Structure formats: structure tokens, C-alpha cells
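One chain, chain A, appears in both complexes that follow, with chain B as partner in the first and chain C in the second.
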Partner chain A sequence: MMECCYIKEVVKGFFSLCTGMRVTMGNVFTRPATVQWPRESAPLPDRFRGHIMMLADDATGYPKCIACTSCARNCPSQCIIVTGKKPEGAKKKMADRFELDFTKCSLCGLCVEICPVGALDFSRDYALASYTRNDFTTMDLLQELGSPF
Partner chain B sequence: MNISLLSVVGYLVAIAALVGLNAVILVWLERKVAGHMQFRLGPMEVGPHGILQTLADGIKLVSKQLVIPDEADKPLFLLAPIVSLVPIFAAMVPLPFSETVQAWELNIGLLLIIALGLLNTLGILLAGWGSNNKYALLGGARAVAQILAYKIPLLICVMTIIMMTGSFSLRDIAIAQKDTWNVLYQPILFIVYIITVTLETNRSPFDFSEAESELVAGFHTEYSGMGFSLFFLAEYSYMFIAAGLATVLFLGGWHGPWLPGVAWTLIKIYSIIFLMMWFRWTFPRVRIDQMLSFGWKILLPLSLINFIITAGVLAL
Partner chain C sequence: MNRPIQPTYTLDKVGEENFALNLGPQHPGTHGVLRVVLHMDGEYILQADPVLGYGHRMQEKIAENMTYPQALPYVCRMDYLGALSYNLAWVLAVEKLCQFEVPERAEAIRVIATELNRISSHLLWWGAFLLDLGGFTPFLQALTDRERILDILEEVTGSRLTYCYFRFGGLPSDVDEAWLTRVLDFIKEFRDRLPRYHDLVTGNVIFHHRSKDVGVILPFDAAGYGLSGPILRGSGINFDVRKHEPYSGYDRYDFEVPVDQNGDCLGRYNVRMAEIEQSLRIIEQAISAIPEGPVRSKVPKLIKAPEGEVAVAVETPRGQLVIYIVSEGGKKPYRVKYRVPSFANLSIFAKMAKGQLLADALAILGSLDMVIPEVDR
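This part shows the complex of A and B:
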């Protein structure tokens, strides 16, 4: 009886080892999960939340923002500064300064939700790095857009 | 038997080149195999597919300071990596790569390799003792404690092959397998041999003497720079010798169709080394008592029964 169990154990153990080796050899022939950043990058999810960015009006190329300051007032971290004035001859106000303190921002998205004209959105820019924190304490979101002033 | 000084120097240089090149390739291969078995890529940056990674690491290791602990036994501490590495140069001598490529035909080549293989353990023990470090000492003690559990089955394996061939000469053993490889006669013995050499070369799942999750780095905890890399060199060279011995004992040495003998020998050697790497990245480390009971209760009876049956068949 004992001998039977012993031999059974040995044979069973041997085959379980073979199973393990089959698994690792299977891994060798599977595509590696590694993404070789920065030469290649993984696809971003659709709902990725980067820092907020200002959208431009398609017709004029100016920022859509009407400087209502809803975003600044609703921001729980108080990290948005907006000021605005009327361009010459225009009826509506437009933002002349829109600064984000990204060091405080928690990416909650309240500003994006509250904006009455849909001027804000999350950017897909995640590769942020700088030698000085000042680059992030006052991020000028209007910089890349046209300006009426 | 006339040996000129020139040929001795030639062989030494060739063996040294082989040892170095082998380690460079194997370290890279090990990391590649490890990577791909874990869905990773392994080294990719230095050279195409990271092939020059080991060279870069080697240069780094050479340029590092060799730190000797305050309370260490200095002569032994410095001697240990050398004791570990030097026997390899002698153990490579009787290894035949083909009918004609062999440093020196020895009629007891097999015994020489088995005996010199033991010196590796001496090196580990010296390192463990000389470091004056509890982890290192434990690693050294473990290396010595496991010798008996694997050496006896290993020797019985080798004895069976010697009995079948009637010669201690590796060349004769390889020539005797011209038509049929020994692995076809002795498949179980081949498995036992592979397990015992995995034990002998201190490789996972039996890497007790360096068990990084238990003993930091075991016997080479205190070694830095070249001291450490000599141990590394020794480990990979012992793998090469163990695989070379397996090739000659079981896989017919240089015999094979189409390709020249040296190519066949190297293909077989590196296949067995790949098998050992495959073990390492598949199996978790066993406990030392599990390994001892495995050695005494399974490997020893298996190889003994095989020995007796082979003796019986040969007597008929």
C-alpha cells in the first residue's frame, strides 16, 4: 500500500512539474506585455483625465471662455484664476487671463462640468515634466490659442 | 605524451575565452529567458536586443571597489572566488567538443570533472566563512549540507554510464553512442542527472546557498565588484561543464547529422542550459528539508534501481 502511494506521488509530482513548465513555455510564445516607453506608448483610455485645457471657438480661433468665473468659484482647490474684459466693439466678455495652478488641482472635473459654454475639457497630455515647479503653479491655458486683445 | 608549452598556453587561452564568452552570452540569455517567461522583454537598450548588456555590466563591475568587511578573514575572503573559478580551467580540459577538438584526452576525464566540481562547494564554504556574515555563513553551510544528497545519485548515474561503456574517458563514451544515444536507453537516469546537476550548480529551485528571499544573497552577500563577478562567472561556467557532461554522457556527444561535430556539441550544451534556465523561471525554491528528502527518498532509490536493472541487463 505504502509503495503504491509513494510511486503515485512521484509520478503525480513529475506531471505537475511538467504542467508548470508548459505554462512558462506558453508565456515565451505569448506577446510580451512590455510597452517600450518612450519609443512606443500604450493607448490612452477615452475618459482619460489630464490637466484641463481651453477649447477654441471653431469660427474665430479665440478661446470659447466668456469669463463668467463659474469654474474659479466652484473649484474646491481654488486653483483657477480667470479675468475677462470686452474686446473693442464686442458685446460679450472674453477671458484675457486663464491660469491653472496644477500643483493644487485634484482633477475633480467640476470646472469642466459647470462651464456654461463648454469651453473646458480634459487634455490628453500626460507626459509632464519640468525642472521648476513654477511651470505648473501658473499654467497659462490661453497661451496656444488666438487672442482678440 | 608530449605536451609543448605553446599548446598548453594555446589551450589555456582558448578555455579562458570560452569561459568568458560563455558567461557573457549566458547572463544575457538568462535575463532574456526570464523576461519572456514573465511576459517581459528583458534587456533591450544596449545593442540590438540588449546583446551587449552583459559587457556594460561587466565594465561596471570591474570598475567597482572591492569592499572587504572589517572583521572578515581577509585571505580566505579574497581566496574564495578564485577557488571557485580556477577549477573550471582544469575541468574544461577533458571535455570533448568533437572527434578532434578536445584540449587533452584523459582516460579518467570523467573522474576529473566530478572531483573538480566539488571544489565549487569549497569556494562557497570559504566565502561563507571568510565574510564574517551570518547570512553568508548559513549559505556556505547549506552548500556543504546538500552535497551528500545529490552527489551520491549523481555518481550512481555516472557509474551506470561507465558500466555501459566500460570506460572513464569522455571521448570513448561519446564514441560508444555513435548509433544510439544513451538517453534512449536511460531516460529516467537522464532526468535524475539533470536534477542533480541543477543541485550541483546551485540553481533554482535548489539555490539554497544564495536564496535571496531568505539569506539576502547567501555566500556572496559581502562580495562586490570583481569578487562577485568571479562567482557569477564560476556559476555559469559550471553550468556549461554540467551541460557538456550531460551531452557526452547521454546525448551522444558530437554525433548528429549534417552539421559539424562542434556545432552539434554546442547546440546540445546550450539546449540543456536552456532547460536549466527554464527550471529556474518556472519552479519556486523548495525548502531545504524537502530537497534533502527528495534527494534521499526519490533520487537515490531511483538511480540505484536503475543501476541494478542496467547491471542485470548487461549481465544477460
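This part shows the complex of A and C:
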């Protein structure tokens, strides 16, 4: 009686193995699900969150930032330093220093949301690498923009 | 009474197959930095002592030192697999405290996103659980499908794992028709792929031998230890926060709460697999009945909560999460308490592991679906 049960188990196990193997073998003929990075890369969605970047005013090429420091005050990790002063003859303040400590940033986007003039946006940089830590602890976001100072 | 973590047997017994074994903190079977000190008699476990706290980050204290919006990204990092449920719980709690309105469209989108997140969490559990049991193919199968959910959620939230999408009073951005169609396409294709999952694993004899009657939790114990989620339902107790204390408009959708009477690893497996299908149903209903309108109501930029206390329960993929906030008025909460599901679920492990084989203990740990940062928080 025991042997009969044992053989039954073996046969049952064999068939369940075949069912499983059928699924596995079916995958041999499908296209690979992976992307061969770095030769090709997956498309980035529109709302991709890279590190933040400063947007320039289209007319002047100067940063849009008015140095109100809401972003710095709202940041959960205190990773933004922003100061500003008035350019000569202008009415509003403008940022003369905007530094991001990207090693602390958690990419939550509260700064982008809170900005009253829409001066911040997410960049699309994702493959960031450097030999020194300083490149990310003090990222100067105003570097590539024009400056009245 | 403090139970000693060091082994209690005398030295002369060492060598007679009686020894202490550290399972973790870096063991793939514990799915995180959990350490379990196992007192073994050969292959059998005499006593299991989970040692927690390797990933403790003072989440509650952090939330107490932050303004309400600032705590948002931190909450989502507790349970990295079900981040949207945590996100939802925090915004629901603050909305209840400050009495913010939420538009119906925002509620529907919240449900869609959270249920997608639940499916992705269950898929990863499915793969990892079977990896614990020694099957590698399921892991790859599950990750292939999970990847598509991550792509869908990335398109709307901007991140792939630690989502921070919900805001007080609604959502920061609306979704378009194309995204909803993409979700529906995914559901259709995923429904076609689900039978494969069952072919590969559910009917497999080896899997049955490993999971049936292993790690049985009686309903009495399940309730007594404060278990929740699929583990509680796998022990035959019908309780789901979405059904019994509906939030975010879950009462508008028609879905069942899967329950399994066996209470073993297989029972918990069956509950989770059935839950995936129910989540698909909820998403379909939410999309077909999605109302038009705004996604964010008028909320002051500087949130100052009134004095009071509030508790909100949410069903995460792992069970019942309760966020309790005490406010003394002002921008920051006075006290925040997270009642996390994994912590309670882990508490029964010591009882279940006693007298089991080591390999079965890993199957039990896998079936509990632990997220250790959530336990340690």
C-alpha cells in the first residue's frame, strides 16, 4: 500500500514538474525583458526626478530665483543654501549663491513645489559619478546661468 | 524579564549537536538586517530570539521635529515596498486633523496607485518567498511583471520605489487618459500571465511539501499577537481595514476579502495570490468610474494644525498601519506614533519557529513578508 502511494507521488511530482518546466521553457522564446545598459538605456518619464536645477529667465538669461528662501526653509534635510542681493538698478532680489548638498537630498520635490516663481525643476541627470565627494556636497546650481553680479 | 540573547546551555553540551546559530543580520532569508539567534538541537530549533534595531532611524522622533509636509518623504521610506500606503496614511491623518477636503478624482487616483503598489509588493514577496524555498524562476517571472508596474508608477509619481505622490488635500498633478489606458492594458496582460504563476508554483508538489502544514497560526494566536493583513486572513479571520473601516472611498468598490482557514504558509500564499486578483478588480472599477474634476482642494501653503489628536488606519500590503498624531497646534506634531504591521507580525515568529526545522523556519519567515526597516523604523 505504501509503495503504491509512493509511486503515485512520484508520478504526480513528475507531472507538476513538467507543468512548471513548460512555463520556464516558454520564456526561452520570448524577447529579453532587460535593457542592455550602458549600450542602451530605458526611456525616462517626463516626471523623472533628477537633482534639482535652476531655470533661467528666457529674456535675460539670469536665474529666475528671487532668493525668497522658501525652498531652503521647506527642505526636510536642509540641503539648500541660497542667498541673494539686488543687482544695481533692479527692484527685486536675485540669487547670487544657490548650493545644493546632493548627498543629503532625498528628491522629495518639496522645493520645486513651493517655489513661488517656478525657478526650480528636476534635471534629467541620473548617471552621476565623480572622484570626489565635494562635487556633490556643494553643487553650484547657478554655474551655467548668466549672472548680473 | 530580559531573556538572555547568549545561549543558555552549558559548555559541556556544545558538541552534542547543541549550538547557537546567528541567522542574519546579513542573511538573504531575513530580507533585511534582522538577526535571529537560533538555539539549535541539530537541525531543529529549540528557541528563536529575534534581535531588532539594526535599521532604527527614529522615524517617530524625526516626524515630531518636522513640519507636516516635511515628514512626507520620511514616512514613505519606512516600508519601501508599499510606500504609497504609508504616504496615504500620513496624508489621511493630517487631512483628518486639519479637516481638509479631498476631491473625488484625487481619491480614485490614490486608490489606483495604492493598489498597483500593493500588487507590486505582493509580486516581490511571491518571488522572494519562492527564492527562499529554492526556486529561482518565480523570482524572475515576478520581477518582470513588477517592473512594468514600476514603470507605470514612475510615469506618474517620478520615482520607482520610495514614492511620495500624495499631498494634503489631493495630488500634486493629475493623470491623463493615456496613463489610465496604460494601466488597463497592464491589467489585461497581467490577467493573461497570472495562470502562469499558478502553473509554475501553486500546483507544484515540492512547493506543497514545503508549505503545507508548516508554520500554522491558530486564529486565537493570530488575534492575540495583534497580527494583521494577509497573515491574519490566512488564519481564517476576516478583517481588512479597506472593508471594515473604509477610507479614501474604498466603500464604493466591490471586492472580496480573501480568507484561508488553514493558517499555514500555503494559506498565507493563497490569500496573497487572491488579493492580487482583488486589487486588479478594484483598479478596474476605479478607472471605469473615475470622476472628472480637480485633483487638489484649496489647502493653505503653511499648514498649521489645530490642537487635537487623530488616529488613522490604513491597510498596507503587510497589514494594518495606524498613524497616531497628537497636535498642540502649530506647524509640527507634538507626538507621532506608527503602529506598523510587520512589527506585530514578526512577534509570532519566535513561537512558530520553536521545534521546526531550520529550513522550515526560513519558509515561515518568508511567508510573513517582512520589511525590516518597517520593523525597526
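Here is the rule we go by: the second predicted complex is superposed on the first by the 120 of 149 C-alpha atoms of A that agree within 3 Å, B and C clash if a C-alpha of one lies under 4 Å from a C-alpha of the other, contacts with A are read in each partner's own complex, and residues count from 1 in each chain.
The rule is short, and it goes like this: a residue touches a chain if its C-beta (ideal position, glycine included) is under 8 Å from a C-beta of that chain, and two chains touch if they have at least 3 such contacts.
Quick caveat: nothing in here was measured; it's all calculated off a predicted structure.
Novice: A:Cys108 contacts which: chain B (first), chain C (second), both, neither?
Specialist: So A:Cys108 only meets chain C here.
Novice: So, A:Met25: does it touch chain B (first), chain C (second), both, or neither?
Specialist: After superposition on chain A, A:Met25 lies in contact with chain B alone.
Novice: Tell me which touches more residues of chain A here: chain C or chain B.
Specialist: Comparing touch counts on chain A for chain B and chain C gives C.
Novice: Between chain B and chain C, whom does A:Pro45 touch in the aligned arrangement: first, second, both, or neither?
Specialist: A:Pro45: touches chain C, not chain B.
Novice: Is A:Thr132 touching the first partner chain B, the second partner chain C, both, or neither of them?
Specialist: In the superposed model, A:Thr132 contacts neither chain B nor chain C.
Novice: Using the touch definition from the top, say if A:Gln143 reaches chain B (first), chain C (second), both or neither.
Specialist: neither
Novice: Using the superposition on chain A described above, determine whether A:Phe122 touches chain B (first), chain C (second), both, or neither.
Specialist: Touch status of A:Phe122: second partner only.
Novice: Can A:Gln36 be said to touch chain B (first), chain C (second), both, or neither?
Specialist: In the superposed model, A:Gln36 contacts chain B only, not chain C.
Novice: Of all the chain A residues, which ones make contact with chain B and with chain C?
Specialist: 17, 20, 23-24, 27, 33
Novice: Please name which positions on chain A make contact with chain C in the complex.
Specialist: By the definition above, chain A touches chain C via 9, 12-13, 16-17, 19-20, 22-24, 26-27, 33, 45-49, 74-76, 106-110, 113-114, 122.
Novice: In their shared complex, at which residues does chain A touch chain B?
Specialist: Contacts found on chain A: 10, 17, 20-21, 23-25, 27-28, 30-34, 36.
Novice: Hey, which residues of chain B end up touching chain A in the complex?
Specialist: 33, 35-41, 44, 278-279, 281-283, 298
Novice: State the interface residues of chain C toward chain A in the complex, per the touch definition above.
Specialist: Those in contact with chain A are residues 66-67, 69-74, 77, 137, 141, 144, 147, 151, 154-159, 162, 164, 167, 172-173, 196, 199-201, 203-206, 301.
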